[in-house]
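Structures follow.
In the two complexes below, chain A is the common chain; its partner is chain B in one and chain C in the other.
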Partner chain A sequence: MHINYWRELTRSNFGKLGLVLLCLVLVIAIFAPFLARYDPGEPSLSILMPPSFAHLLGTNDIGQDIWSRLLCGAKNTLLVALGVGVFTTLLSTVIGASAALVGGLYDRILMRVIDALIVIPAFIVIILVAAYVLPNVWTLIFLISILTWQGGARLVRAQTLSLKERMSVYAARTFGANKLYLVIRHIIPDLSPILFAVFIHSATRGVFMEAGLAFLGIADISTVSWGLMMHHALRFYYLDVWKWWLIPTGLALSVTIMALVFIGHAFETAMDPRLRKMEQEDWQC
Partner chain B sequence: MRKIPGIGTYAIAFLIILVLIFLLPRMMPGDPLTAICGEEVLVEMTPELRTELLHRFALDEPLWSQFFVYLTGIMHGDFGYSYYYNAPVLDIILEALPWTLLLVGSSLLLSTVLSIVIGIESGWRRGKICDKSLLTTTMILNGFPNFFIGIILLLFFAVYLGCLPLQGAKTPYSGLAGIDSMLDIARHLVLPLIALTLAQIPGSYLLMRNTMITTLKEPFVRTAKAKGLSEVAVRYKHAGRNAMLPIVTTTGVRVGIIVTGALFIEIIFSYPGVGLLTYNSLFMRDYPILQGVFFIVAVFVILANFVVDLLYTKIDPRIGDDNTEYAH
Partner chain C sequence: MLELRELEVSYGKRKVLHGINLNLKRGESLAIVGGSGGGKTTLGLSIMGLVEGTIRGEILLDGKNLVAVPEKALRKIRWNQIAMVFQNVENALNPVYTVLDQVSEPIVAHNLRDRYDAKRRAEELMKMVNLPEGRFLAYPHQLSGGEKQRVLIAMALANDPDLIIMDEPTTALDALTKVEIINLIRNMCNERELTILLLTHDLYAASMLSDRMAVLYAGRILESGFTPALLSNPRHPYTRGLIRCYPNMTTTKDLQGIKGMMDFLDTGCPFHPRCTQSIGICREKAPKLEENDGRFIACHRGGIIPLLEVREVSKTFDSVKAIDSIDLTLYEGETLALVGESGSGKTTTAKTVIGLFEATEGQMYLEGERILGRDKNFYQSVQMIFQNPMEALSHRLSVQEAVREPLDIQKQGNREQRESMVRHILEEVELPSTQSFMNKYPHQLSQGEAQRVGIARALILNPKLLIADEPTSALDASTQAKVVKLLLNLQEKRGIGMLFITHNLALARKISDRLAVMLKGNIVEEGPSNELISSPLHPYTKDLLKAAPTLSANVLVVPTNNKNDGQGCPYANRCSKATEVCFKEKPKLRSCSSHRVACMNLKPEKEE
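Moving on, here comes the complex of A and B:
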């Protein structure tokens, strides 16, 4: 039985709202160069200005236009979301699926390591490593992915174990299909819903972690990151600037995370047969 | 059913942490001495001190004997020396730890109780206005990173309204004693605690609500209703109590999330715990403190997971040496 996940996603209210919000952030990221009226990195002499027609959200402590920086931050955030999402999903798939398919000692050792890694709080490891490495966007994406694949790998492994016992796989094997063919034609396509769920989860976590690290001050100064903007803005909380500097930036970040959380929730509800049925009842009444 | 990982898994986790702290500074390009001792050490660096430090960390010897020296140090409770604070790392961390424990402990308790109660109520009223608004509110809350929740609370209650203290864990030099001092500490705890708890609720609430909904379909709930038990008894004593199990099992994982969240919340409210210490050490590149904090926090989280697993087998006898997950 195959479920049309896209339809399930657009049917739920959370799914719809999440997609709309995500598209909004995407449009902002794409059209940022046209919407921004100043170079986001360009300092000027007019510092800590309140909002005006020239500067929609005022300027920061070194005279950069906050509105332009806010728009440009969307690109950085989406880049991290996509990067961490793709890379983590890839790692989880390779490790989880290979553990399930190879089995034996390899599987047992990997599962032990995964169990152990899940206990260790990943964010704290990343803070320690990042303190040494001082990452730029790409190393950060790599770092977050390499330290957070374990949960996804366990999911993929469990799903692969059940998939490989399916009748269709068995039938293909009796027709003489080799292992590679089975993986490419049967296992991977049937894994795709799980992979999408892992992707959305990792992307959400990536956005949150990037913002958190930048908020702690661990970020490349040259990137325009929402977390870094909040890090700088918080130092001026005693002035009125938080109203147009700190709050809009935080809201932009929250809207992005919210969009991903909504999509993830709608998708997971669609995947869980028990929950799917009742959420439909829920939202119809 | 969830399998109990067993002591071996925790031993592996502990080993990974030990090796990570050991290897990280030694793998970095540049002077490993700076990477181990922090950049502040350069201020007072003399050739004598350098030879002494090289000898202490056995940096002129092969890697395995360095590891042995490092392990012996940790066994003796020696986590290094902070040249910024001019004190042993352990002393500095132990000074900050009680505040973090207070914050994390109270938040764990509050968020668990709150999410269990609203999860039960929400699941019981599935599809009704009450459930839908609770679900929508928590989903929106879920989108807010913990540090932004903290910032909003700080700006609204402490800066805008000015009704709660802005920073710190107690009023300095107030000379308060006894009950007044405790009230003062409580007043300072309110905002960080609410921020941390709000950030924590969505995850546990959603888990509780989903389990409650599936539990309500079980035959024993119908039996309880048919026996003529009161609604409250069915909801809490029969369905709720069974639906609580996943919340209990995830306590260990939640401790990890709350501790991480506390790092951020402490920075926002300048709460003098381990998080603020980490923040200042990141700024000063005081690596010994960072390593010490990481070690203690990670070991604390591992222990929390271990204790929860031990307790869980006691609470739910259905779990135990169920090894079905590995049977494949």
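Moving on, here comes the complex of A and C:
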């Protein structure tokens, strides 16, 4: 069945909202250096200031401008989203698709490995690892990806198994196509909706986990991360700072995650005929 | 009695006959068949010594070389030893004399009898050819075509010749008159031991009147042999083409022509521009008429070649035998229809041949060479049309991209060449080659259009073998008719050998030269389509024929009984004639008349 996914995405309200929000975060991340008035990492003598014209959201305990840190934190969040998304999708594709295409013992071994890995709680493993190395943003991306690709790989494998039995793939074989051609020209393009879904899903999870870990204090102190900001803000819960320190940061994080979730939801609706039908019926009511 | 040795006739610079060698025994009848303009009449006239061109070679009549005989002596031989029934009845008779006068003329002219006796003799002859008595004194324009033909035959018989050359004696006649004339000639032959050289393009007359047959094309004999064998199993592509385009009640396949026009060529095989299996040497050297398995054939490739041979191929899925040691041969330019109910292994056979499945046992040969690995070259000569066109086309590829895909994979030509090939092939399958159509995606096409795109994809590599797996079962009847016609036309043009898989026997009979009936992975009967349809031997084929669509309502009871233990004849549980042996032992495919059939009860059935 031929579906124009982009059109389906922009047609649904959730999809539109998600895209707008994500664009907003993206614009902020890109223009942060121009919008921020202070260096987000630069401490100053004016600590724990309430919002004023000079500091729109006040300053934190070591005198850094919270507004500037909020703006720059977007970059970190999106980097994690993109990094985890790309890396996880890549791992899932390579492992899932190769298992489906090669089959046999290779497939069976990989599937059992996935079964084993899927029970490992990623969060706890990362906390344990962090006890030895304090992860910077790249190690974090790597750790999250390496611990969460299994679900995606299963999805990709299932889809590839069905794709390789398609008549159009058989037809290409009767023209003399080799395996590489089939993978590049037929299987990967037809996998792309699934891959996009895996990407969005893992990006969302990546953002969530990074924020969660940072909130628990597992992050390089020098990174400008929303999770880390909330971690610090909570230490001064007895002051009024949560109003301009904790809430805006939490909101920013929520908006980003919501944007991703909305896009994912709209996309899933477009892909799943059953969901699509329910949606259409809702519209008619 | 008559022998032609290296006979060559040319009109000026144009050579009309090339190296003809023929041998005709006394009492024998030989038909020279071929399209018009092939040199048949020139051959007849040159034996009579009436040809206006230059003759080289020898024409031996009872050992005497007629070419060397001077005109005066030749006149004595003419009509006394060799007579001719001329073509074109309308002009052969003189309009100002009565037919009686004209029949007696050769007798008088040769001073055999006096005028009175000659007339009595002429009357006798005319009675013998069944001309009504009141017509003896009629003028030619008062006679019908059939009567004029009788007069001409009487005239040829006038001086009791040994050899009669008949040039198209039946061509212009209606069916019943034709049969009368044919019977007349047959009776005469039986009574008088006449030797007949029949020149005709009418295969029916040739089959009725001749013992042997030679096929003449552009001044060369391409094939010769005994008439029934030659007609039922033509082995030169031209002979097959002649038979295919001759409308008759025996053939069930639609009429098919021969591509191109006849042309007299100085070099190479005269048929090569129209031949679908010609190779390099065919253009350079004319083939010699050589004996090959009881037949004389002039072809560099030894006649129609077997394109695909499947030998004892089996395919097993886990423990299920999907196909069980099947044997098939598909000749160049031929359609072999594989029919049978669903689940009988037809598609498995197709996919095993094309290489989507690996055969468990057995060998396959393409143009005589064993198929070992299937590389890009293999797929250039073997292609497949899939059952469901919508599924076989990727939904992401536009028509243009889909049709170009085989070329992309095979890396043929540059982009522009590929695109022009795509446009050309789209026109060939009768689809628009406009940009707007080529930009369409499969879901924007109708079923018929999509299947044509599928056919275009299969044909763009110019394959020799096309495997069509139920190519029309997803289409409605009118679209099916168009697609089938298209395939037959392409076969005519390119000589594609087609393995046509269908469950529709009525369709198979219209498009196939041969039929193979499959049941539970076995071929139970195989033979020429017309014979298999008209006289099926296997009970399963009979039941299939009963179930084939007709336009008259009849209630059909097909036996169903499902206790089958897997051994024995695959049809035993449904066969009305099954005996105990049928459940125990599996019958082998045996030759039986022109079919091959696998049935235990065959012999008792024949005795009935």
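The rule is simple: the second predicted complex is superposed on the first by the 282 of 285 C-alpha atoms of A that agree within 3 Å, B and C clash if a C-alpha of one lies under 4 Å from a C-alpha of the other, contacts with A are read in each partner's own complex, and residues count from 1 in each chain.
Definition applied: a residue touches a chain if its C-beta (ideal position, glycine included) is under 8 Å from a C-beta of that chain, and two chains touch if they have at least 3 such contacts.
Because the structure is a prediction, the values reported are computed rather than measured.
Now for A:Ala211: first (chain B), second (chain C), both, or neither, which partner does it touch?
First partner only, chain B.
I'd like to know which partner A:Leu82 touches here: chain B for first, chain C for second, both or neither.
neither
Does chain B (first) or chain C (second) touch A:Ile127, or do both, or does neither?
first
Using the superposition on chain A described above, determine whether A:Ala36 touches chain B (first), chain C (second), both, or neither.
Touch status of A:Ala36: no partner.
Count the residues of chain A touched by chain B and by chain C, then name the partner with the higher count.
B
Considering only the touch criterion stated at the top, classify A:Asp190 as touching first (chain B), second (chain C), both, or neither.
second
Check the residue A:Tyr170 against both partner chains and state whether it touches chain B (first), chain C (second), both, or neither.
A:Tyr170 sits against chain C, while chain B stays out of touch.
Quick check on the complex: what are the chain A residues that touch chain C?
Contact set of chain A toward chain C: 1-2, 166-168, 170-177, 181, 186, 189-190.
Can you check the complex and tell me which residues of chain C touch chain A?
354-356, 374-376, 378-380, 382-384, 386, 388, 391-396, 405-406, 409-410, 441-443, 454, 457, 461
Over in the complex, which chain B residues touch chain A? Could you list them?
5, 8-10, 12-13, 16-17, 20-21, 24-25, 28, 35, 126-127, 131-132, 139-140, 142-145, 147-148, 151-152, 154-155, 159, 206, 210, 213-214, 252-253, 256-257, 259-260, 263-264, 267-268, 278-279, 282-283, 285, 287, 290-291, 294, 297-298, 301-302, 305, 326, 328
For the complex, which residues does chain A have touching chain B?
14, 103, 108, 111-113, 115-121, 123-125, 127-129, 131-133, 161, 208, 211-212, 215-218, 230, 234, 237-238, 242, 246-247, 250, 253-255, 257-259, 261-262, 265, 274-275, 278, 281-282, 285
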